[in-house]
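First, the structure itself, so that you have it in front of you.
The chains carry the letters A, B, C, D and E, assigned in the order they are written, with residues numbered from 1 in each.
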């Protein structure tokens, strides 16, 4: 009996040893340690990890801690500026780094970030922008031993300042095909960038030149209003080459450089700890001097918690989160709640929800059908009854508010609107011509698997059935397959996508998506392949002119014409709505409301 | 004296009624007093015996009745449901009838009262009750197809393995062992992803096209069934094998072999009829598992195609609303729970009824 | 018994081989690749990424490479944790600059700074802890419920207990989770609605470093939500098994010896009736550790469960392989432990 | 000698789906100190139920003792509290069951199980009890008893298990040993060993024995007095030689005649008793053996005969003299 | 294929060996040992006789019976039935031969398929061998039922509705259906009550007389074997230790095991029992996996000498028709 018990105990011990072996082995140089505090030496960098879990609520009179949920399930995908492509990653990056230029998150005004700049057109008609970088920003990191933010020193013991070299390094790293950056394409406007990124161009040919430690010159192929924006995007944040690639006194960390303990940055906040799938803590950077666009933070720490929207909102209601999005499911209740309704804010969010047509697919290859379907969507009813977030019915694609986008004030009748009568008439015309009845039409409407998209699809399906008598077939696919399908020769007749801004210019919307080879209009060897499957020379020309035009008013006009072709004349897509963000904020939070998906917490304050 | 009257029957069976050992005795109790009166012996197969015992089990009867009602409701969905399941009245979205406000008073401040829908309407104004009625299709068909597929594959596989034994058995069971090490739900997800995308938009006229047409016609249920069936048969195969092995050693099988019966005859005439009971019980008890698998698939978005309702998808949609409009989660969940209750009770009852140790007892 | 364990471990390798082959084939058969983006990557970049992850090689070679990486241990001077390409699960320092490395499950495509081993190290312990707690909840609720139902067979206790049990299986975590959060997290504020009370590094790779109230209060709701369904299974099994055991001859023997009813139950009936219950604990534990997708999302727990689902939807091949193999190993090991436990409980069972 | 146990008018019923089974119908017997009483009958005749009823070990429900008393040392066992009867079981009355395989708890060691009665009834410590258990096992002929205390039941052979069972029943040196078909599951050579053992133990410990069996052969060499049971009733009771030499009930006679004899060489056709025992769904109002009895007369169908004295110490429940076929009286 | 055979010998068993392999290994199985169930058994069965095969449980007597009928294929040896070696027979030929040899099983509960009616059970051999068709089957079944003393009207009932004795009659009817010449009776009565045993034994005897059947009667009950057999073979641990005509064996058992066995059988007569001296064998039967060297019985034999451990005693004829395997005889 005893021996058997021993065997089982032994088996359990062996089992736990196997699992125990999973942890990185501590180096033997570690001296005797306090039993409670776990110290793991990872390559000579001792990280003391206190065993107590993070405080759920900020201490009353202690440091100001902002509890902020990500609003989506799962981990932050990456903290590498060269690799980031999603809003949660970018949110952290924007607070831990600052670009050459910095966008005001509320006004979309471009302000100096790490640099001031001047622009000129060179002989070849290219735009050359020279950036004068601040010389007072040191690289910093969080030091676990002293529980404070310290300045990074080089191998000689000097404080490392952020220099033009660091920026240039990032630009080239982003463009390096080996990096596989999903967002490198935004930099393709830089001379030599596209060639390096996607063909056999050389890095030396990329027109990002370091003139001196604090001066950087970037040459863009064409002049465009949005070039400085692009230079300030996260794909161009300075990154610490010595951590990534190593130097005399640092081991190379490769893609791991973003992890707790290795991460170095220079922005208003510094990453302290990243517990994957759980939370990421950022602390105030005491070495950030404060600039016009990026002031010294008032709050001491941001506890950025990875929570799906419903649990995040529950935490908000429980008083553990200071801000939250409102899940659609809770909207009615929140609006009726006397306290919560006072805390609600509905602001614009620079995204557009649209349905695309495969203009080469049966039935929808006729523009009258497409226009009829578009006109039969009662966008306001959808918003009022299903979406409930105060969204705006979209009449065209480029969301108003972007630079060079038409607005409802200037172009109230641009694009397409709900018009059931005309929709019926258009469809009838088509039916008469082809000798069909509405219920014979076979249309598939595909969306990626998601409750929200499903609701919209179901509603629109019903609207089409009610107005036009067409019953479409709803099919959903999971994201990875869906993207493949939508951008293949098998693109379904109707599909959905959304678009959010990278930089606030209509170009980023209509041109980046719908020019031949654009994101939603992919082409292979110049031939449309999937997506909307659309070629329109006139629209192409309008978009090209709009890009290089320098007169803002003329640009708006050009884009308005292109939009009219896109959504009405050719009715390639159905613009459905323009996004809003619906948030609740605790009354003690002083905050700004970002319109581009990011918040600048350095402008926030807590007054508990 | 009197001996003659009592000894009329020289053959020994004359007086005895029937079994001594616990068996459903239906004999003339007062046989000794009644002299040579012929006895009423009702012959009863094991199935009848099981049925009778099942009928005496109140919980099982209730469960069985509920299941019958559910299936009737499913078949008569068009008659029973007041609205088509996809009929939206956008303005009535999330509306509730007055009586529900008394049940869930928290809804008072914001709920829109529309009495047209007895259980309320969902987020696009579709009648919840109608959707529950139509939604029963998925769960209840899963409840049939799941066991069917797993029985067909599992019993065939398990019987071959158990009957031939030896090396064949060894190899076949190792295969099952390894497949067992697969997380079945992940296997289903992989399969579903595979089916969903492979059969998404095939060329007309091909086999995949017809399969996808069939799936579309079933509102996307086909692949769920296949996925569930392909993972569920292993339990059945193991059980079947075990049963076959135990019955194979029974003397009556030996007797049949001594008579020169062929393998087929032994399998189909002697072994299979004797293992059907435990297999049926096991499948009945597995049905709730199939139903909840479907619900889980719906939750992660691999369920039926909208707007086809299924309880699983309704629950996962409703669950997000549980604070705001609890009715949208509670009623489909209730429907699911009742169905699972019913199948569980029926399964328990069947198990008791078919348990040979309990044969002939209460 | 040693030989039995050794054979089972050998068997585990066979399982890994077969499971990995099937998974590998199946996942590559599923359309859609790991580098699909809404803003599509240029084909050149995709080609680069595929080269980086060896996805451009023939499938058989990729599979061979995978097996080589996980199976073949190596001894070299590479310190662990330096690069994503050479991140091993087991690193044992042999000498000043000699390391024993084993089991490289590869990088994660969707999280560029992490490897599958990182996910195992950071997230698995949470799922493991949650699984143990859920199993404890299941046993602590299920066994007494089953005993009461069996002892009071066909009484109101029995029916009520079994109804509770079936209710436990019938109500999905999708509903139960938000309900618990609403009641105990938001309305009563007794428990934190979300989160987990421990973080890496973990003691012995699995256990939390501290287990104060703060740790437990985070665990209560998810453990209950997750364990309730299993408790129902245990309750039903306990009931059926106990009902059978109390009819056994040796129970009569115990009574004939003049034992108190309580002793008859605890000393003679219970242990025997729990033996069949033990057999389901292995697969149940494996299911509880890995089947936490919904629970994790609902309660915001940084466990493994979500990787089982998201890795498939993201086509994150190494994570798919890693998680499925992990499950398989878990199941085999859990079953092995159950078998040993079984031998411990039932002396009739001997494993040579 | 004084009556150690006096059972009077015992009636036990079982409720089943078919109705109430009257398993024991008015059984009375006395057990004297140090004697061996054999109870013989075919399966289902109620012999086991009788003694189980006396010790209140029948599963209830469905079983229930509805009438009678069983006086042991001046107290009615059937009226005792649960606590009181508990102190009788194992301590005053030991039990040996038929199937030595299933009657042991498979997951407890033999030592624990044999020592258990000592711990409960004698208040011994675990250690003391185990020592005593080892002695007892030695006594019943288990080699290396001390070492085998830690073994589990399945590690013993059938015969050895039955020895252990006897040791367990006798470990508290009870006044009465009830052996319920203790050798039925054993081979003849082992059976001989066990019978031998019990006889020796009775000689050494002096307990009275109730030996229940269907085997008339065993009882012949073992018991002083024999009860023959049929359909829940005692139909004959006599000292052993009287019973075998002068059976007074047609059933006893039939049983004896249906046995092939090892000691006779002539090949005669076995006398069989035709038909089957009745199913006792009601209390018999006639002689339950009458339908199978070749001597039955009208009265047998009208009246269930009580135990009638047919000789000194010899009682039989039959209206007919089997030798003559004439009615008694 | 045809083998020289005495005309009145129906079955010749020569050096029959049946070992059950013990295998180990999960994927690749290897044999690590064998249960020596039958280890070289030789005997003849004459037409119309009853050969009794006795021994204690586990001695291999049932395996012998099943191996003869090829229900287990023997490891080695010959089984010559009606002139043909069954061991070398396969498939259809063996299936055909099965008509001529049948078996009656021990357990009347397990040997009848509970899902088939009595008529189907008895009629099955007729259908398998296609000897009767349609109505003929029914008629034959009715006839067989009558033959074994059951009401022909019971044909549509299920086995569980019958008592043990009746079920055994059904088993007999099934065995008789194809009019075999040899019936292996594997403990056909050991599960029955005494009074029922006589019924079944009488039936078997009647049928033997009527159809000139040959029985191989396997039993552990020496009294019953003595009653029914013409010759008796005694088995111990896989071998036959003694074979003799009934009277010889019982009057003058030569093998010490036979002697012990006979002395252990209780006789239902207190007067005889009083005077009998039993030979009480020590210990249990050794494991058939590792049977003792030399004489199998030596570990328990009161007469064992050195030679017994070294040499296997030959199975030799010591008197006409009386064979024994013992060094001490």
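Keep this in mind: a residue touches a chain if its C-beta (ideal position, glycine included) is under 8 Å from a C-beta of that chain, and two chains touch if they have at least 3 such contacts.
Here the structure is a predicted model, which means the values were calculated and not measured.
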Chain pair with more C-beta contacts, D-E versus C-D: D-E
Chain closest to the middle [Cα centroid of all protein chains]: C
Distance between chain centroids, defined by C-alpha means - chain A, chain C (Å): 34
Rounded Å distance, chain A centre to chain D centre (Cα mean): 87
Mean-CA-position distance for chain B and chain A (Å): 48
Centre-of-Cα separation between chain E and chain C, whole angstrom: 55
Multi-chain contact sites of chain D, meaning residues that touch two or more partners: 43, 109, 272, 274, 276
Residue list for chain B, restricted to those that touch at least two other chains: 12, 14, 16, 20, 24, 193, 197, 316, 320, 323, 360
Multi-chain contact sites of chain E, meaning residues that touch two or more partners: 26-27, 163, 165, 199
Chain E-touching residues of chain D, taken from the complex the two chains share: 42-43, 157, 159-160, 187-193, 195-196, 214-222, 240-241, 244-245, 254-256, 258-263, 265, 267, 269-274, 276
Chain C partner contacts - residues on chain A that touch it in the complex: 4-5, 7-8, 11-12, 15-25, 27-28, 36, 38, 40, 42-43, 49, 51-54, 56, 73-75, 77-80, 83, 85, 177-178, 180-185, 197-199, 251-259, 275-278, 305-308, 310-312, 314-315, 317-320, 478-481, 483-484, 487, 497, 512, 519, 522
Residues of chain A touching chain B in the complex: 310, 327, 329-333, 335-337, 381-382, 385-386, 444, 449-451, 454-455, 457-459, 461-462, 473-478, 481, 484-485, 490, 492
Residues of chain B touching chain E in the complex: 11-14, 16, 18-21, 23-24, 41, 43-46, 49, 167, 170, 174, 250-252, 254-262, 265, 269-270, 273-274, 356, 359-360
Touching residues (chain side chain C, partner chain B) in the complex: 14-15, 18-19, 22-23, 26-27, 29-32, 159, 163, 166-167, 169-172, 174-175, 177-179, 182, 236, 286-287, 290-291, 293-294, 308-309, 312-313, 320, 323-324, 327-328, 331-332
